[in-house]
Amino acid sequence: MILHTKAGISEAQAHEIAKATQSAIFKKDDYYVLVTPSKMKESPAEFSAHIEAEWPMSDDIQLASKSYLNATREVKVGKVTIGGNTGNTLIVAGPCSVESEEQIRESAALLQELNITALRGGCYKPRTSPYSFQGLGLEGLQLLSKMRDEHGFSIVSEVRDSTHVDEVIEHADVIQIGAKSMYDHGILKACAKTNKTVLIKRGFGTTLQEFVQAAEFVLSGGNENVLLCERGIRTFETKTRFTLDLCGVAWLKEYTNLPVILDPSHALGYRYGIADLTKACVAMGVDGLLIEVHPNPAVAKSDAAQQLYHDQFRDLMKAIKPVAEAVGRRIV
Amino acid sequence: MILHTKAGISEAQAHEIAKATQSAIFKKDDYYVLVTPSKMKESPAEFSAHIEAEWPMSDDIQLASKSYLNATREVKVGKVTIGGNTGNTLIVAGPCSVESEEQIRESAALLQELNITALRGGCYKPRTSPYSFQGLGLEGLQLLSKMRDEHGFSIVSEVRDSTHVDEVIEHADVIQIGAKSMYDHGILKACAKTNKTVLIKRGFGTTLQEFVQAAEFVLSGGNENVLLCERGIRTFETKTRFTLDLCGVAWLKEYTNLPVILDPSHALGYRYGIADLTKACVAMGVDGLLIEVHPNPAVAKSDAAQQLYHDQFRDLMKAIKPVAEAVGRRIV
Amino acid sequence: MILHTKAGISEAQAHEIAKATQSAIFKKDDYYVLVTPSKMKESPAEFSAHIEAEWPMSDDIQLASKSYLNATREVKVGKVTIGGNTGNTLIVAGPCSVESEEQIRESAALLQELNITALRGGCYKPRTSPYSFQGLGLEGLQLLSKMRDEHGFSIVSEVRDSTHVDEVIEHADVIQIGAKSMYDHGILKACAKTNKTVLIKRGFGTTLQEFVQAAEFVLSGGNENVLLCERGIRTFETKTRFTLDLCGVAWLKEYTNLPVILDPSHALGYRYGIADLTKACVAMGVDGLLIEVHPNPAVAKSDAAQQLYHDQFRDLMKAIKPVAEAVGRRIV
Amino acid sequence: MILHTKAGISEAQAHEIAKATQSAIFKKDDYYVLVTPSKMKESPAEFSAHIEAEWPMSDDIQLASKSYLNATREVKVGKVTIGGNTGNTLIVAGPCSVESEEQIRESAALLQELNITALRGGCYKPRTSPYSFQGLGLEGLQLLSKMRDEHGFSIVSEVRDSTHVDEVIEHADVIQIGAKSMYDHGILKACAKTNKTVLIKRGFGTTLQEFVQAAEFVLSGGNENVLLCERGIRTFETKTRFTLDLCGVAWLKEYTNLPVILDPSHALGYRYGIADLTKACVAMGVDGLLIEVHPNPAVAKSDAAQQLYHDQFRDLMKAIKPVAEAVGRRIV
């Protein structure tokens, strides 16, 4: 269950309650938020004088639940706010991997041309084969930082494992936790301690319950800036790379209070249907989209088949605006 | 491979080639279409004088392939045509099951109010339990026919197994082959012999390859009026009833020439997200939608949780029009 | 819930109760068995004088449940009985498809050499492509009957759809309902009316709940001779054809009272691991095995990759005997 | 492709070839092993004087492939060797989590009684909820080390994320990489640098290809002591916790050269069928088994439903011996 203490409670008192109730605890404004295991359904009577409000919860989706906070949280990505009543659908675009300064500069120019403010690029690639390109690492992060300095972008980049989480937190504005890393306690706990926005990708074998529980690791550490990203799950169908789970997105929108971002590029794995899928995502009223676009996909060092050409991306940005308007949203 | 004979060839000659090449064969205009097993890559030289054109194919998706016919086929549903360059997105609506004359009359009134021309209703329910409502059978079909006579609807109804396929063919305008019946040779072959439109639902455990191959059973018998319907596949995620596979829809649109219909109701299984999912489907540019709506879902004899209330459905029809327009399509 | 009437109740009275409780009903010895929808938890007081015993059930697995009958049912396959306390593990072997008299004669000779009493062979093949071999049909059934007449085998053959279920019931000793046909009400109801043993294969996209509910269609019609056959489910893994679900088999053994047969050939889809998988199945203590073996797999008209050579099969039969003994069972 | 240099080549020369071919490289005896990306099919002619042997490979399963080494590798677990021609099936047993000294002492006593040499216990639990028990961490590792000192066990314990991989490497004899961590480059690379045995669990959403490629990360760093552990994949079936993929095990045995360990406890998730599943695994001829057993499962802090009682475990150990003998193997 979730407990809010009364305002002005001392840190020592709050932590005493937390200890007695085996709770996660963090401070918010002038009160504390405690999260007990969900099997606790009533707070101990002895602490009632210190408790302002309480929410018994049916399972371990707690801080992210609409039963606790019946609205979509507002989260900042650079200067843009998404969620809440903003009606904003944020575009995050860029190449799968940062490959060179020349390449990322071309991507940056495209984004600037189209007034897109969030640049993505992978520096630590979670490849399944040790014999594939593994990313530029810190050098890539520095190239992205340079683009931010020059253009004012917010930077979205992925952390692959705990060994370099601090580097990503330092250089990126949005810490992306990859589909293969989203159970990683080392990463989740490091992200819980920062205030930077954290974008958690759903693992391709991950249930919605586990997905949102990963967000609870970050939220319960006191970082409320969390975005959920659906990027396709693994099913028996292999003609497409993964299966984008829009039924799951409907569930996330109904039952959780976190903004939802969609990644059609990784879901389909092929350029041909990205435009149609992106329109579908926009029409669902999601809070943002991750789209891979590369100056020359044919020579891309990773995910070559799914990255759009610049011209395709320009067309797509033009095409989704009326769809967004048709559902009362704005592309930002 | 697919062979077109020269025009005016005799039936006997055409069938001789069919026999020699182990082909399915049907007449079209004044020539014959033959479909050999796909492993045949060249037609026998001895018949070359009779062959007008030939398409070697990579696998057993042949007549449905864009490699054979690089466009979406036009198919009629009552007075409405979908596919081709029509830009039409057809709404097929009605209750999960026909339950009584009173109920189906209310559904009919709703459709007429909203200018919807295609009425759906199940009469033979493919239930997984013998202890559940199994449908009204022939009585239900007769009620649907009555609604057609009174309102001019086209009727879409499902065949469950081969024992009653003739009844459904007789009474319905569109023969729906259910997700659990789509491998049924008895049904597929009966549908191949009629000219009525056939809507094949993808089995929830069916690959795209097998799904389209089911259509080949109908097409290769000479019935070219086939619609493919995606209605959700079974995955590890159980918070939603099934997982609507829009990546698969992107593939169908790219590689097959058959119109694609979507059924968001069965995919999600719950009312709450049907509106969002339907907008997503419309934005993808599909050719039609099956939506379940019931005068009083709370007492529905099947699929109570997923059928919309009439007011929800009215709102939805209003909401999807601008989405359709935004992607250059028209709701019919 | 399941109700047993008192002995000697009149047919009219029994059917009156059945009607009032929306029950399936069949006669057993001198009493009737009624099965109500599972949501009924108490039988109507007005009929209490006629009710001998009742079992409220938690869901629609009723007659097949260990809550009703806490043992494995005995079922006959020809002269052999499996289930109960027999400790028998039955081998059913033969080619995927009956292809010719010569072929099936070779198979018969192999079985006789190895003292195997149950011969399988498909005559109506549920192919996913219309351009593949579809089976010999009635001619194949007649060949199998001939082998029974000559050798005394019991014959196991598959029904594909309702159009030929009567032919299969007439010629086979065990009616096999295929993985793609197990939701087919036409077949299930026809099988409910015969007393022949029915082997139901689990659909590759079918949950255990639905699988056992298919058996309920047959059981509740009064045919208690039902076998459940696990043959692999469809998962994201594609290096093997399907995924044999032995966890599911453990569940079936724990919660249902029906004998369980395993089909490792279809699950793996390749010869190389059939021996190991078969040993695993035997060690689990299942009631029978379906194994495909062909005189010359290289030229088999269906499933060529998974059928064993005769010598491989001989070796396998020798190898599984000590495994069976190690777990207290006997190969029959 | 895999290259073996000639014996006695200098380190500088070897690394020059590695650099030119973008290879992973490690020294073995007096030569070097290089692994290029699998798309390279011929080694550069300029280095031919230094190459002793080469194996072009079809994909990125290279060092683990039977095409490279056509046998099962021998790997040590404490004093016991598995794989190769040993015919050994190793039992690794113990509680899911180390909870207290008293608990682990009882487990140790059970193992000693049954002559089991490998003790497992989790100290860093990869829980999906932040509100569940997360393990004793270093304190748990120290308790395990104590048991080794007192009883001579080899210790198997899991690493959850890169932050504590060094601690686990220091205290355990076998580093277990969990199903949720097996894509973690930080862990895989740390394990590649040690010579301790590494047991990699297959992720529940992981293909066989990706699973074995995870092993390639360790092997190509020069640590050849790798075990593959199948522990159930996630499918649509939810009556059991996961689906143990024995078809996949058949594939691993056929195509890879690494010993295979099975974990029936996590696959099924319930005590009732562990005995049957374990017998099935033994009969398949696998190299080892991980089985969870707890002095008092009812109060276990994790996975309470699947851990065996001590008496159940004693019975199981007795029951599997004859099964092992029946397939020519020995339980160690």
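Per-chain residue numbering starts at 1, and chain names A, B, C and D are given in the order in which the chains are listed.
Following the convention adopted for this analysis, a contact is a pair of C-beta atoms (placed from the backbone, for glycine too) under 8 Å apart; a residue touches a chain by one contact, two chains touch by 3 or more.
Not measured: the values here are computed from a predicted model.
Engineer: What is the set of chains touching both chain A and chain B?
Structural biologist: For chain A paired with chain B, the chains in contact with each are C, D, in label order.
Engineer: Return the chain whose centre of C-alpha atoms lies at maximal distance from the corresponding centre of chain A.
Structural biologist: C
Engineer: If you average the CA atoms of chain B and of chain C, how far apart do the two points sit, in angstrom?
Structural biologist: 32
Engineer: List the centre-to-centre spacing of chain A and chain C in whole Å, with centres computed as mean CA coordinates.
Structural biologist: A distance of 48 Å separates the two centres.
Engineer: Which positions in chain D touch two or more other chains at once?
Structural biologist: Within chain D, residues 205, 207, 209, 233-236, 238 contact more than one other chain.
Engineer: Please name which positions on chain C make contact with chain D in the complex.
Structural biologist: Touch residues, chain C against chain D: 205, 207-209, 232-233, 235-251, 253-254, 267-268, 272-273, 276-277, 279-285, 319, 322-323, 325-327.
Engineer: Show which residues of chain B lie in contact with chain C when the two form their complex.
Structural biologist: 22, 24, 35-38, 60, 62, 124, 126, 128-132, 134, 160-163, 180-181, 183-188, 203-207, 209-210, 213-214, 216-217, 220, 233-234
Engineer: Please give the residue numbers of chain A that touch chain C in the complex, ascending.
Structural biologist: Against chain C, chain A makes touches at 205, 234-236, 238.
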